[in-house]
Amino acid sequence: MAFDSFLALLAMEGHAPYVWSAWGLTAVLLIGSALYARAERRHLLRDLQRRQRRERHAGREDAHES
Amino acid sequence: MTFRLEARGLACERDDRRLFQDIDLEVGPGEVLRVEGPNGSGKTTLLKILSGQLTDYSGELHWCGQPMRRARSAFLANLLYLGHTPGVKAALSPLENLAWYQALCGERGDEAERMAVLADVGLHGFEDVPVAQLSAGQQRRVALARLTLTPRPLWVLDEPFTAIDKHGVARLEQRLLDHAQAGGSVILTTHHELAPLGELRRITLGHRACSVAGE
Amino acid sequence: MWAFIHKLGSPKWFYAISARLQPWFWALAILLLLVGSVWGLVFAPSDYQQGNSFRIIYVHVPAAILAQSCFVTMAVAGVIFLVWKIKIADMAAAVIAPFGAAMTFVALFSGAVWGMPTWGTWWVWDARLTSMLIQLFLYLGVIALRGAFASRDSGSRAASVLALVGVVNIPIIKYSVDWWNTLHQPATFTLTERPAMPVEMWLPLLVMVLGFYCFFIALTLTRTRNEILRRESAKRWVRELVAGTARRG
Amino acid sequence: MQVVEPKAGLGVAIAATVKRDLTLMLRRRSEVINPLVFFALVITLFPLGISPDTELLAAIAPGLLWVAALLATQLSLDTLFRGDYDDGSLEQLLLSPQPLPALVLSKVLVHWLLTGLPLALMAPVLGLMLALPVGSFAVLALSLALGSASLSLIGAIGAALTVGLSRGGVLLSLLVLPLYIPVLIFGAGAVQVVILDGNAAPHLAILGAQLCLALMLSPWAIAAALRISING
Amino acid sequence: MTFRLEARGLACERDDRRLFQDIDLEVGPGEVLRVEGPNGSGKTTLLKILSGQLTDYSGELHWCGQPMRRARSAFLANLLYLGHTPGVKAALSPLENLAWYQALCGERGDEAERMAVLADVGLHGFEDVPVAQLSAGQQRRVALARLTLTPRPLWVLDEPFTAIDKHGVARLEQRLLDHAQAGGSVILTTHHELAPLGELRRITLGHRACSVAGE
Amino acid sequence: MQVVEPKAGLGVAIAATVKRDLTLMLRRRSEVINPLVFFALVITLFPLGISPDTELLAAIAPGLLWVAALLATQLSLDTLFRGDYDDGSLEQLLLSPQPLPALVLSKVLVHWLLTGLPLALMAPVLGLMLALPVGSFAVLALSLALGSASLSLIGAIGAALTVGLSRGGVLLSLLVLPLYIPVLIFGAGAVQVVILDGNAAPHLAILGAQLCLALMLSPWAIAAALRISING
């Protein structure tokens, strides 16, 4: 353990803004890209499902007409 | 009030070559005027002059009895011109293209109306596809949808049948006929054979160019 | 051999196999990153010269290394796509590019932030820094070019060609930038000449580097799967799969 | 069929044009980013070509930033009307019953919003890289925001004049760059004055006055230029 | 040796929309193949595939029995393709344009020959005018002059009648007929009615697109 | 009708292509002058934006000259294939039975002859204006002549990739400028070395090596890029 207390860890001996901003940006980008990938998958599946439902509807209507 | 486009003694030369001269014409409600002539006889040039785009001609041009220069904005409010290029944005969808053209006329319009017009020109199902991904004929159909969407009495159409398939040509001819019968008027050029159209008049350009072509 | 390559190239097969692989990579990535972070932030001793600002190394170096690997991977995928027309390769290249650009940006940002306490300036025109910046531009070019085409297939091929041209150039650029800086002035600061790091400092770094790589693989797998769904949405097996997930809720 | 009276609806037309141009630009997101990246790239080239020495760079930074921003604006201007010309929408714009200067002004507005303004906001970051003193960043951004609006307006005249020529790009630069010089002098001057601890207000005021002048005159010039181009 | 272009099971999709599939066709000496279909049915796309410009199709394409990939340069030496755009430089004169096309085939050719060909397509007197100053139809005529100037057995023509006047259309039809009778072959699309042409075969695309158009 | 055997005639085709492109450029003489004037204008903007101080200018002159020349070359590249693309001649070029890399190489050659070479010859005059020592003029011109040939070749790859895109201009810079950096470094370096009384031969040799590499690789890349663009 390099720090005496949690506050000391946060303060980083005065280097806090530098260390935490660098780590923060990295964390934001990594977590953001992971979450984005998940959201993307969910959106895609929802869109594809909706499209299939619409096509099924259209198919039924065609069947009615003909 | 009724409208009338008159030209007296129109003449145009481009780069010192006389294209045509002494053209007198008059177009009013219910009339269809077809400008004919072989390639290079000046049809496009004449149409651009008549629609107020080219200004280096000699002769007189009147709209509703007023000289064109003064009646310009009244004239433009009554004109729909479709040229060699369709005037649709490749990156926008047909719906967005039409919305802009409606707004240019100062109307907001509504989506349902535009959808109906697009279905009418055979683009049902392509309303939201970027125009870049449509075929040559489909792109021109987007432009043709404006004929119905923003009604104007005077249509000036330069080869409107280009790239349109047989079925589409028949529909468009019918559309022109309807317009003339409703009291509108049409000036057009085309190399197609046309089915009999309203009160069709012709003006033929370029006998000389024809003889130059020497075929 | 050919059969194997083409099987690998079949989206359906890839989709199935990656489904089995990706949880492992995600788990490994999270584990390594957590361990590495805590170790690096809390337990590793502070540097005797730089103090605690030194802890930036644990994100800076992995990001810098990964950013370079991403470009090479992307170019290799581009070649595979151009030569063998394997679509999976292009889908992977498409999802790697933004991530690589992000990592490049992380390296630049963390480096800049590190520079302030150590060098007293945010930025110097040092050879390494400069070539990293140029690499960011190369990434942006590839991404922009792909997006600029109306037709996706052309965009893919163009981006592959550019990635290839870029990867041929990267060593040349690096070499000339190195050379440039030694020409103009003696390097004020060198990144390479560091006091030999004690084990308790570089071990967490190694963990972080491995964690970043696992994260990269996991993310690429997941996003390539999304890309498969998007591009192959008309295929029978995707439709069935989508219908299946719909039924499950 | 009755004659159509010219309707007002100018507001609708302007709003629709702004919306259309914004959509067009944002649909290709790269269009918006490209000038910014060009700006950054040109700034990167200078240290590579000149020298990485911080002091020297700081001394020439205001000028470099302004010249680079000017080039970026000017290059992106080339496409302002070209797309519309190629697909025939420009013809239609000219044939619309709305006043042309108002319509082109809305096109220029969109151009500035998506090019000049982001350039101004990004300039401080590049200033940092060129070791420009932090105190001058506000004036740098403000002078660029004001100046680039004038640049867009003036450049649009050149763009309109050259839109009919197939290779407008370089010719356009020639027409427009000399007109940019007053803007450049006062813009770069403002930043330099701040660095020397002076008061930049007079410079900024002059930039504002130039903008007003450009706003009043150039819409008409652009409209006239477009009419000439379409005649060709 | 005689030539033959064969396609087996051609299919093409653009951005996940299937344009056509299972197209089998064969073109040999003396044959004229007309590709038909409504707007957007994929005619241009098919022609680009057949002329070796588009490569993202599935199916097989053979030239004289060899797969296209290997026979590419032999194939190109036998092909003349004219697309939607005429492919003439606006800043050059018709003569200079033709000279370049001749040289591209590795021939020097001579001026008199080119003058004769230009006169033949009705451009006598325009040989030295920059193409920019010609009308839409005249520009296309410059491109059509290549049909005679650089003789190739296989012609692939995408809407060759666009912008050509009545007289010119008749001449061009005759030209196609002559070519087929001399043992050449032609693949073309057009929305025009054609006069009977050699051994004319048709292939029709896009029933589905047609029903989508819903007219 | 008999099958045509692929004839050689590559020489004829190349000569005709060179002649055609030369005619095209010379017919619009402004096309040739524009990059030169752009070069001169950018160089005049810098003293205006930075400071008229001779010593400072002399210090940064090699870099400024090289960056400006690089931008001028790059801008003029945008139209290298665009005209041919728009009117369909590019399609025909790709369908010609001749090897495409040879044909594009002749197009690039013409571009260099009418852009890079004149720029190199003109640079000393502008160097004079920036107070560059006269002794370095020969190396300046030589380095620009060698370097701009590489620039034309590399830039043509980017031009080929973006030819199908309606707003290629700025995107082209983004693609191409990073690749220009090695040329810039050694080009500007050569001039700086001469100013410091050093020997510029190694720099020039490296520029030559870069040119050889570009000559060997880029025709193929350009040809591949064109095939992709025509597919779009």
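When the chains are written out, they are named A, B, C, D, E and F in that same order, and each has its own residue count from 1.
The definition used in the following text is that contacts are C-beta pairs under 8 Å (C-beta built on N, C-alpha and C of every residue); 3 or more make two chains touch, one makes a residue touch a chain.
Please read all numbers here as calculations on a predicted model, not as lab measurements.
Peer 1: Quick check for the class: compute each chain's Cα centroid; which one is farthest from the centroid of chain B?
Peer 2: C
Peer 1: Regarding the chain B and chain E pair, does the interface count as same (over half of residue numbers shared) or different (under half shared)?
Peer 2: Copies use mostly the same positions to touch.
Peer 1: If I average the CA coordinates per chain, which chain comes out farthest from chain E?
Peer 2: Farthest chain from chain E, going by C-alpha centroids: A.
Peer 1: Distance-wise, how many Å sit between the C-alpha centres of chain A and chain C, to the nearest whole number?
Peer 2: The answer is 18 Å.
Peer 1: Could you work out how far the Cα centre of chain C sits from that of chain F, in whole Å?
Peer 2: Going by mean C-alpha positions, chain C sits 33 Å from chain F.
Peer 1: Would you kindly tell me how far, in whole Å, the mean C-alpha position of chain E lies from that of chain B?
Peer 2: The answer is 29 Å.
Peer 1: Measuring centre to centre with CA averages, how many angstrom lie between chain A and chain D?
Peer 2: 36
Peer 1: Hunt down the residues of chain B that sit against at least two other chains at once, touch-wise.
Peer 2: Residues 84, 90-91, 133.
Peer 1: Which chain C residues reach two or more other chains?
Peer 2: 134, 137, 140, 144, 148, 150-151, 153, 177, 180, 184, 233
Peer 1: At which residue positions does chain A touch at least two other chains?
Peer 2: Residues of chain A never touch two or more of the other chains.
Peer 1: For the complex, give me every residue of chain A touching chain C.
Peer 2: Answer in residue numbers: 1-3, 9, 12-15, 18-19, 21-23, 25-26, 29-30, 33-34, 37-38, 40-41, 44-45, 48-49, 51-52.
Peer 1: Can you list the residues on chain B that touch chain D in the complex?
Peer 2: 1-3, 29, 51-56, 64, 73-74, 76-79, 81, 83-92, 96, 99-108, 151-153, 179, 182-184
Peer 1: Give the list of chain F residues in touch with chain C in this complex.
Peer 2: 157, 161-162, 164-165, 171, 174-175, 177-179, 181-182, 185-186, 189, 192, 210, 217, 221, 224-225, 228-229, 231-232
Peer 1: Which positions of chain E touch chain B when the two form their complex?
Peer 2: Against chain B, the touching part of chain E is residues 14-15, 37-44, 84, 119, 122-126, 133-138, 141, 159, 162-169, 171, 191-192, 212-215.
Peer 1: Using the touch rule from the top, collect the residues of chain B that touch chain C in their complex.
Peer 2: Those residues of chain B that touch chain C are 90-91, 130, 132-133.
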